[in-house]
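Structure, as structure tokens:
Labels run A, B and C following the written order; every chain starts at residue 1.
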Amino acid sequence: MKYISGRLFLTAAVLLSMMITISCTKHESGSIKVGVAGAHSGDLASYGLPTVKAAELVVKDINARGGILGRKVELLVEDDVCKPEVATNTASKLLSQDVHVVLGHICSGATKAALGIYKESRTITMSPSATNPPLTQSGDYPNFFRTIASDDAQAKLEVDFALDILKLKRIAVLHDKGDYGKGLAEFARGFLEKSGKAEVVLYEGITPGAVDYSAVVQKIKNSGAGAVIYGGYHPEASKLVMLMRKKKMGTFFISDDGVKDVTFIKVAGEYAEGVYATGPMDVSKNPLAIAANDAHKKTYGSDPGAFFLNAYAAAQALLNAIEKGGSTEYKAVSNALRTEYVDTPLGKIKFDERGDAIGVGFSMYQVKNGEYVEVK
Amino acid sequence: MEYFVQLFMGGLTRGSIYALIALGYTMVYGIIELINFAHGEIYMIGAFTALIIASVLTLHGFNEIAIFVLASLAAVIYSSAYGFTIEKIAYKPLRHAPRLSPLISAIGMSIFLQNYVLLAQTSDFLPFPGLIPEFGFMKKYEHISSSAELMIFLTTAVVMVILTCVIKFTKIGKAMRATAQDRKMAMLVGVDINRIISITFIIGSALAAVGGVLIASHIGQINFYIGFIVGIKAFTAAVLGGIGSIPGAVLGGFILGWTESFATGYVSSDYEDVFAFALLVLILIFRPAGLLGKSGSQKV
Amino acid sequence: MQKKSEIKKSLLVSLWFMFLTFPIMVIRVNPVEKLVEWRWRNMVIVGVGSFVLSFVWRYMLRQKEAGLKRIYAGGRYKIPSIQRVSEDRRLFIPLLAVLSVFVVIFPFIFSAYQVNIMTTALMYVVLGLGLNIVVGLAGLLDLGYVAFYAVGAYTYGLLNHHFGLGFWAVLPAGAFMGALFGILLGFPVLRLRGDYLAIVTLGFGEIIRLVLENWNDLSFGPSGIANIDRPSFFGMQLSLQSATVYIYFLMITLALFTVFVVNRLQNSRIGRAWIALREDEIACQAMGIDKTKTKLSAFALGATWAGMMGVFFAAKTTFINPASFTFLESAIILSIVVLGGMGSIAGVIIGAFVLILLPEYLRAFSDYRMLMFGAILVIMMVFRPQGIISNVRRTYKFEGINVPGEKNK
């Protein structure tokens, strides 16, 4: 009996829900709500939490100045554990709380899953860390912006560095089979093959969390590669590097901004010396960046973590665009993002048609005496 | 040829670790027919304890050998204590429960322990000191294997021999075998079942701790999640060799280690785990009770 | 006297836990900066906490044992209240009516987020019921159930991406693919028993996930497939908000359909054959039941639901990648079945709601979320090992004949 009534109700329910949708538009008064989504628990929490802190700092600043357009800014923080299926729940939770813009998500996979939902409700989303190229390049997500350069730019830099500066002929490309790492490795292999200057002697994915990587390391050694280009995060990278150095291999190790993390140096210790990694351009001389870092130290008593400045810049850019656009309407904000320059710790930025930040790029770093130093 | 030997040695190291942990699985299974999913977590806790104790001792200026011995001892003691406690809390009240209930309890325990270490310590990877000393004579063979790898294999071999002796020749070993064969009958002839089960958990956990300390100081880093994948692999090894059989667990561990090492070396590490599991399926198709498992017909 | 020994016991427990948690709870090292932090306060917390909890623990264990003893002593077996309600029509029908009204108005009184997680919970109801066929009824321990879920999801993802096929067209295809893979897995493992079967199914699940991860040309690798179409409503694409509600009702319908089919299946010839197989393989064969066919049909029919739910999952999240189909997912579905009560449909439904909604509502505890989840699994199993609702076998009673001493049997 219930089965049949369920069907009958279905039709009525859907019609009703459409009416609700029509009547339910976003309020134009009250506080401006900024959603902050990312991994705030679990093993990737260290990538997501700095963004929350950055947002808190920016908002505190702006509210102290009286808010934007006469309205206070409010943060709604939600955890997505970097899992796509959780991210859709997170996104719908944020939307049901009527957020105006979203800062996040952190991981590319989760961002991709959530973006579909934001797109349909025409909510501007800005990620400080999702580097997957199609997010902007596919043109599928006009509501998406980011304050970090995409993976192909990183891969290009790594490959150029290996070819032109290190002048290598044989290169091994490895990845961690993850969304981010494998995407990066694919680009690196593509660029290497296109250049014709060097041979990809090895292209493999390693299993994150495996007991040890000695077989892969032997294989690298056997392939006679002059350098390893690795796409992935720092835990596997440090295991690989330590094993390579323990086996007395001098092979160059070139990696990405998942590795350009202090934790990598802390864990790998002396073995980290000489490792190359690309990362966001050095902004340590930028007065805004110095101020942001100082504010973090003052408020939280520690140094900021991964993507902190990117997140800081993203929060500023979003709120600036709302102010310049004069409203939280989708059109006004996205227009302002594309036309108005904003001063951020990453420099003066605005966004191009696809949503990438203009003026944000990567540089190559090398570990020297336990610190990442920019390679000039 | 040298490449082959290198891969062989790599497989041997990996296999030794699998074997050490698989022993714990197989012993527990042999006695109470439970897949103890929390066993991988015991290994992780062993490694963490060793790291903590070693760090404290380093600060107090102990010498290397003392640190190695004391940290390993602490790891073994604490892992055993955890194993013992887990059995008392999560499995003992379930002894007469439906067969799958302890399994779910074990999965819950595994999730609990992971998050317990995550919250009490950190989510970051921590560098693990290279506790295993470098042997002078290994310098010559450096291109093939390292001191740490040799040490891992030797420890496994020694542990294996001791364990076999304990089970074959001591009174406790006899009682364990009796319990494994028929719990009720063992009880009737005066074996204290609860004590035997506790001892089994303690021995299994101690072995896992040894594995944890060895591999952590070889790889050089740990976090709260390391137990999970190793646990699954070790369980695979135990089944491969025939679950409940002690030589089987060791054989299974080595076969799994070599399969992975050679699959990576000669084919591709992309499909490393696929090879491992495919091998398992193949072996079980032809020997449904594993390599050394008893596949006698079922009693009716 | 009794009190004294109780306190002594708890004191010992408390001391033991203080010792046990000492290195991990009290000391926190930072091997890089060579710092050691001593957190003695934690030790006090553990000591006091375990002292109190050990009383509660022992009290609850005693309650449980007392309950068991009553049953063994030949006392009346207490029929679970749910079963009682469902058998009494006077109670059952109004209850069902109230429930239906609640289910129907639910999306209109709660936010889209609530509707969303309710839909997710309902998906796990169906997954649990599907796995219940394999584990609960046929007694085959399957640790790789998520593989069929992945197969269904990728069936829809790929067909939608390459050929633009819609949800309704792929739903049966997904179910069929699930069944096909179920048989594919079933064949080689026919001879295996118990835990050997468990590890092979686990391996099978991992193999499927790894292939999806590595075979870029087929599955787009770890970056997954995005922009999958949501289910259409008579050819119309809906806005997000109405789509959420629509998907919710769709899921309700599917769940009811599943309950209906599984219920019929359970009492059918083949359902009885599964139960016979679970109870005793040899006796079952001796009764002339074709073991091969029965086992394969259990795998196939169980996997069908996973395949269907996979299609639904892909349509709901509009994005899939292999990371969603890990072993932990299989473990959660298995926990639903066991926690709810193996073989019991109402149990599985309640199990799914508990296990899926619990972590969502535990979000308030943020960091402690998964810790509590693990602890709850253990505690539930210790105190209710037969699950929330134990499956009471259908028994036939003779009414009217009063044999002395045979009352209430």
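In this section, a contact is a pair of C-beta atoms (placed from the backbone, for glycine too) under 8 Å apart; a residue touches a chain by one contact, two chains touch by 3 or more.
Keep in mind that this is a model prediction, so the values were computed, not measured.
Q: When contacts are scored as defined above, which chain pair ends up with more C-beta pairs, A-C or A-B?
A: A-C
Q: Report the most central chain, judged by the distance from each chain's C-alpha mean to the global C-alpha mean.
A: C
Q: If you take the mean of the Cα atoms for each chain, which one ends up farthest from chain C?
A: A
Q: With chain centres taken as the means of their Cα atoms, state the distance from chain B to chain C in Å.
A: So the centroids are 29 Å from each other.
Q: Report the inter-chain centroid distance for chain A and chain C in whole angstrom, where each centroid is the mean of the CA atoms.
A: For chain A versus chain C, the centre distance works out to 34 Å.
Q: Per the centroid of Cα atoms for each chain, what is the distance between chain A and chain B, given in Å?
A: Here chain A and chain B have centroids separated by 37 Å.
Q: Among the residues of chain C, pick out those that touch two or more other chains and give their numbers.
A: 32, 214, 367, 370
Q: Listing for chain B: what residues touch at least two other chains?
A: Each of 126-127, 270, 273 in chain B touches at least two other chains.
Q: Any chance you could list the residues of chain A touching two or more other chains?
A: Residues 42, 177, 205, 266, 269 of chain A touch two or more partner chains.
Q: Can you name the residues of chain A that touch chain C in the complex?
A: 1-3, 5-7, 9-10, 13-14, 16-18, 20-21, 24, 40-42, 79, 83-85, 88-89, 92-93, 95-97, 108-109, 112-113, 115-117, 120-121, 132, 134, 140, 177-179, 182-183, 186, 205, 266, 269
Q: List the residues on chain A that touch chain B in their complex, please.
A: So the residues of chain A in touch with chain B come to 42-43, 45-46, 177, 204-207, 209-212, 214-216, 218-219, 222, 234-235, 238-239, 242-243, 246-248, 263, 266-269, 271.
Q: Hey, which residues of chain C end up touching chain B in the complex?
A: The contact residues of chain C facing chain B are 16, 19-21, 23-25, 27-29, 31-32, 34, 36, 42, 61, 64, 135, 141, 188-189, 191-193, 195-196, 198-200, 202-204, 206-207, 210-211, 214, 281-283, 327, 331, 334-335, 338-339, 342, 367-368, 370-371, 373-378, 380-382, 385-387.
Q: Which residues, counting only chain B, touch chain A once they are in their complex?
A: Its residues touching chain A are 3, 6-7, 10-11, 13-14, 17-18, 123-127, 142, 146, 149, 215, 218-221, 223-226, 228-230, 233, 260-262, 264-265, 268-270, 272-273.
Q: Report the residues of chain B in contact with chain C in the complex, numbered from low to high.
A: Spelled out, the residues of chain B in touch with chain C are 29, 33, 35, 45, 48-49, 51-53, 55-56, 58-59, 74, 78, 81-82, 85, 89-90, 93-94, 97-98, 100-105, 107-117, 119-122, 126-129, 232, 235-236, 239, 243, 270-271, 273-274, 276-278, 280-281, 284-285, 288-290, 298, 300.
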